[in-house]
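Just below is one structure, and these are the notes that go with it.
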Amino acid sequence: MSALRLHPDRFFPADAGTRSVARALFRRVETLPILSPHGHTDPRWFATDAPFEEATSLFLWPDHYVLRMLHSQGVTLEALGFQTAGADRRAAWKLFAANYHLFRGTPSRLWLDHVFATVFGFDERLGPATADDYYDRINTALKLGAFRPRALLTRFNIEKLATTEGALDNLADHETIAREWPGHVVTTYRPDDVTDPDKDRFAANVERFGATSWAGYLKAHQERRAVFRAHGATATDHGHPTAATANLSAAEAQALFDRLLRGKREAGDAELFRAQMLTEMAKMSCDDGMTMQIHPGSFRNHNAALFAKYGANVGADIPMRTDYVHALKPLLDVVGNRAGLTIILFTLDETNYARELAPLAGHYPCLKLGPAWWFHDSPEGMLRFRRQVTETAGFYNTVGFNDDTRAFFSIPARHDLARRIDASYLAELVTSHRLDEDEAHEVIVDLAYNLPKAAYKL
Amino acid sequence: MSALRLHPDRFFPADAGTRSVARALFRRVETLPILSPHGHTDPRWFATDAPFEEATSLFLWPDHYVLRMLHSQGVTLEALGFQTAGADRRAAWKLFAANYHLFRGTPSRLWLDHVFATVFGFDERLGPATADDYYDRINTALKLGAFRPRALLTRFNIEKLATTEGALDNLADHETIAREWPGHVVTTYRPDDVTDPDKDRFAANVERFGATSWAGYLKAHQERRAVFRAHGATATDHGHPTAATANLSAAEAQALFDRLLRGKREAGDAELFRAQMLTEMAKMSCDDGMTMQIHPGSFRNHNAALFAKYGANVGADIPMRTDYVHALKPLLDVVGNRAGLTIILFTLDETNYARELAPLAGHYPCLKLGPAWWFHDSPEGMLRFRRQVTETAGFYNTVGFNDDTRAFFSIPARHDLARRIDASYLAELVTSHRLDEDEAHEVIVDLAYNLPKAAYKL
Amino acid sequence: MSALRLHPDRFFPADAGTRSVARALFRRVETLPILSPHGHTDPRWFATDAPFEEATSLFLWPDHYVLRMLHSQGVTLEALGFQTAGADRRAAWKLFAANYHLFRGTPSRLWLDHVFATVFGFDERLGPATADDYYDRINTALKLGAFRPRALLTRFNIEKLATTEGALDNLADHETIAREWPGHVVTTYRPDDVTDPDKDRFAANVERFGATSWAGYLKAHQERRAVFRAHGATATDHGHPTAATANLSAAEAQALFDRLLRGKREAGDAELFRAQMLTEMAKMSCDDGMTMQIHPGSFRNHNAALFAKYGANVGADIPMRTDYVHALKPLLDVVGNRAGLTIILFTLDETNYARELAPLAGHYPCLKLGPAWWFHDSPEGMLRFRRQVTETAGFYNTVGFNDDTRAFFSIPARHDLARRIDASYLAELVTSHRLDEDEAHEVIVDLAYNLPKAAYKL
């Protein structure tokens, strides 16, 4: 058995002088409250405050990073008891533990170790020899009041946490939260189910949405956005295959809407509708002040057999090459120079950081850059983001960190990592005399707190 | 108020041993004369040697990097008095100073601080508290003889400076320079106005060029190139949207020329004409010895509203994905193996450094790689260039540094930065025993002086 | 004259603490036997065990990296005596030596210096002053028994070396090797000559292959694969322009086969056939257990004039942008989740490391990532590979190092470099507390020995 220890200097640069600057910068933000303006935790947790069930269903089954890696190495989802009634959860946990070495060098390992050490107090590494002890101690802890969702949110020092709900969600959990425990957890408007004609049940969704004409459809969005805002939402989110935008006339849009809903869909119509809806959402944001997030570039459910058997979110979403410079122009021609509008761009295609995204965000008033996302939410990924973005976009066209996670327990781990990487990057600038140390101390606070607060209007 | 200080070790690696090697390498080239073979300063400055007007019109309004960043953060060009008769220039300067923190981490900040410290002797940082003092002292200094263009060029230790003029330019300023103050400032042949059919007034330009047939058009180029050479030009420059080249027969070229000038343009004709002209220019370079530069990959004037209001060069040019391997083949099939021909390639798409550009330049005798360009003319950008290019193309298929600037005062700052980054990269090679120190001392001199001198025949 | 010395800490990070960790990690694998599961050495060397001829024909003429660089700097292949009967080999060697500075900063220089120092014992750098001495001493050494192929393979500590032969090769050399000197050298099945319709003599090759129908053609592959396996092959290799795969019905495949062989080829047929053949090869690998390697993305013989004069492999192959996420889907839909199948992906387009390849290999059981390849088989290239791949794919979806070389003498140099870079990367993880040191000591052995042994079933 090997020691599990979170080193106080973890993730800092090796050079002693730079490390010392990084340490001082990190100390400045270490205990700042966490703002989590984009994520996918389940609002029911906070509405009911029920205890979490047990270790395997909490840490293994819902984590697509973990499932992905285990599957890639021949550990089948069947063997892990995934989506299996009456599965042997302890056996699944032990199989996970037996393969924990697969995660060496990955952020999953860093997040998990942080949770195990700081939330549960483990001081030995997870592995075959410690699997049972881990399983038992986690399950025992989860029964305690201190491990209930609301208590943990407080313990995690989370000032504000945004979940994400579809346009058709009734927001019942957020009703309960607002009534019983207001102030910490808000929703986000994610209308993909009614804006993406390639979604299953798109036509039925639009019908439930109450829209029979293009004008009525837009009005339904305006109304739902208002309802979401009444439940604390300050932002919308759009997960499209590409960043394509369009600027159709009302007549063209009505015709497109009709084709899509009356079964006369033509090639390119779905993409064009999504594209038009990004522009529509941007225009509505000009009116109602909601911050807009665009998350393009994922080939969803690439593994056909796994999707057929288990559905989405089993780790088979693969990034694609993504264009922004042409794709966003129609939208930018409409709202690009609007003050007060904030559109946050994300990417899974890092080649865009320096080539397209930083120049765009470094020019257009409405554009800001979201942090390194998904596969790139990692030490190297975050450093690549800062190194490729900052020289053109500066710090003030970025919006701090998003944890983007459904893994509630890992939120502190992820923000700890992000703050340490930002401190490391800033320390490098200081040590190489590209930034004065007093300025770096201002910037680190902006990155950890002020920029997300402003960008998301928290 | 905070101190403004240029640290003698700025931009060097953090590791003490590596830094010491970098310092020694930099010392070798620190005082070498500056060769500036590609840039956009105004030849009128050197023709008239008139004093520069004042701070805002010198440092703020012409700098598209600065305008871009301020615009991106909601500081409008109106508020900056841009293109406004009777604008309050002091107020504009103070607005710039109040937003100076936006430039943290950007090369603009490094260049400006270098100018403020070394040219004007400031020892406090620009900001709200020092804005007036900066404004007054700069304006006072600009009235002194020592701050006139020619005196500064000497003070800056610039051995040779190339400006860039269009094919239709009468070169009157260069006439004056050649007559009154020869030896330092030369022109460059940039024929985009008559080679790019997408330019405004293309047909009128070609008419002014005196060309009514394809053969006559080529002859006009040959003649203008000769005139430019007589004014010191050793190079041509071509700013195309893509790197496409073509190799048409004379009959095909004549037909294309006719279509473009008689209003019968077909889809793809403009691109094809630009493509053909790169090959024609390369063939002429084989004859007259002019070095050829290709600068592709910028989506010009992306912000339609700003372009309509203010015209070009306000910071809305955005890089695009660029292909070289297929695009250059027609040209390379014609002149690729010609000894004595030098074609210098630039890119805004860094993904090409290791994938296409270094392998091409590391094979074809006529190809060399220009330095990290525009958005990538920065510490991280230059390091990425060296790290991704050197292992395949070596050092001797590169051509040293170009400042590519219209900001005359920043030329020493940019060359200082480039030399320090090259010293840093070489020091890393030495410390990791990938290059012997005596060789690094040869290479640093080659990069700073010998390679640009040879590539541009200065 | 300057000293030639291989520093014991070469390629390690500069920081003293990290370097010390790297040194300890490297020591763990320094003397492990070399596994070379993918390469292009000539089996005749080991079949005949004849002495190598002399220096120029051994080190200069066959090395496309060296030819490429010299050609790019105007040293013509003629001047180097390439493919010239009766060429003055000493003069060619001296020309190479006079231009040895061109290789500064390139891996060619590192490999060559390693060979010169460790195999031949030189302690002065190659250059004009030492050219004759190098030439004479190398030629003298090559006559010694200790410098014959089999003795060197033993001296190089090569446990297993795979060569690569075409589907039509009679494997006579491997017959001899198996009879006279079994155990070290095996073949690899590379069927491009009969799977790529764009190859010269494709139709004739297929005829020699004995196939007149699609079914017969597949059967011929199965039989040749069996013959190759009988000669030690454990892997196949496929060098296609793209990574395209297809999944045609038998009828569609038969029709395609007929069109290609009866001269009725349609646009896209060649690409479609190659695409289909990758899927067929993958299905055969499911049956016979051979590991499959896909090497896409090279624009072969880009320099038309040089190809016409000298044929292939003179350094004019240029990488192209490559897609994997769409290209591989048809194949993955068929075999993606098959346990026991191993498909190793390579790339010349590094933008895919983090964007497509690591997510694919980090999900699909059949996919593994080959090491940094060709132009990227270098210190920076290998580090980029690890930094961009590990966080998503981990270490265990990679397969250790391939030297991929026809330069037999450089095999130890290349593995030495790869092991040192892996040690350096792991040391960085340890120093920044992203990986525990005891785990790094396990991983370094896996990367150097266990992973290639398993992936290639050696």
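First chain written, first letter: the chains are A, B and C, and each begins at residue 1.
Everything that follows uses one rule, which is that contacts are C-beta pairs under 8 Å (C-beta built on N, C-alpha and C of every residue); 3 or more make two chains touch, one makes a residue touch a chain.
All of these numbers come straight from a predicted model, not from anything done at the bench.
Trainee: Draw the chains as dots and join the ones that touch; what shape do you get: line, ring, star, complete or other?
Mentor: Complete.
Trainee: Please tell me whether the contact surfaces of chain B and chain C are same or different in residue numbering, using the over-half criterion.
Mentor: Looking at both copies, the contact residues mostly diverge.
Trainee: Roughly how far apart in rotation are chain A and chain B when fitted on CA atoms, stated in degrees to the nearest 5?
Mentor: My answer is 120 degrees for the C-alpha fit.
Trainee: Rounded to a whole Å, what is the gap between the Cα centroids of chain B and chain C?
Mentor: That pair's centroid distance is 39 Å.
Trainee: Identify all positions of chain B at which a residue touches two or more other chains, and write them in rising order.
Mentor: Within chain B, residues 13, 15, 351 contact more than one other chain.
Trainee: Would you mind writing out the residues of chain C in touch with chain A in their complex?
Mentor: The touching residues are 13, 15, 17-18, 323, 325-326, 329, 332-333, 336-337, 339, 351, 354-356, 358-365, 367, 387-388, 390-397, 428-429, 431-436, 438-439, 442-443.
Trainee: Under the stated contact criterion, what part of chain B meets chain A in this complex?
Mentor: For chain B paired with chain A, touching residues are 2-3, 6-7, 9-15, 68-69, 71-74, 101-107, 110, 125, 299, 302-306, 315-321, 348-351, 375-376, 378-381.
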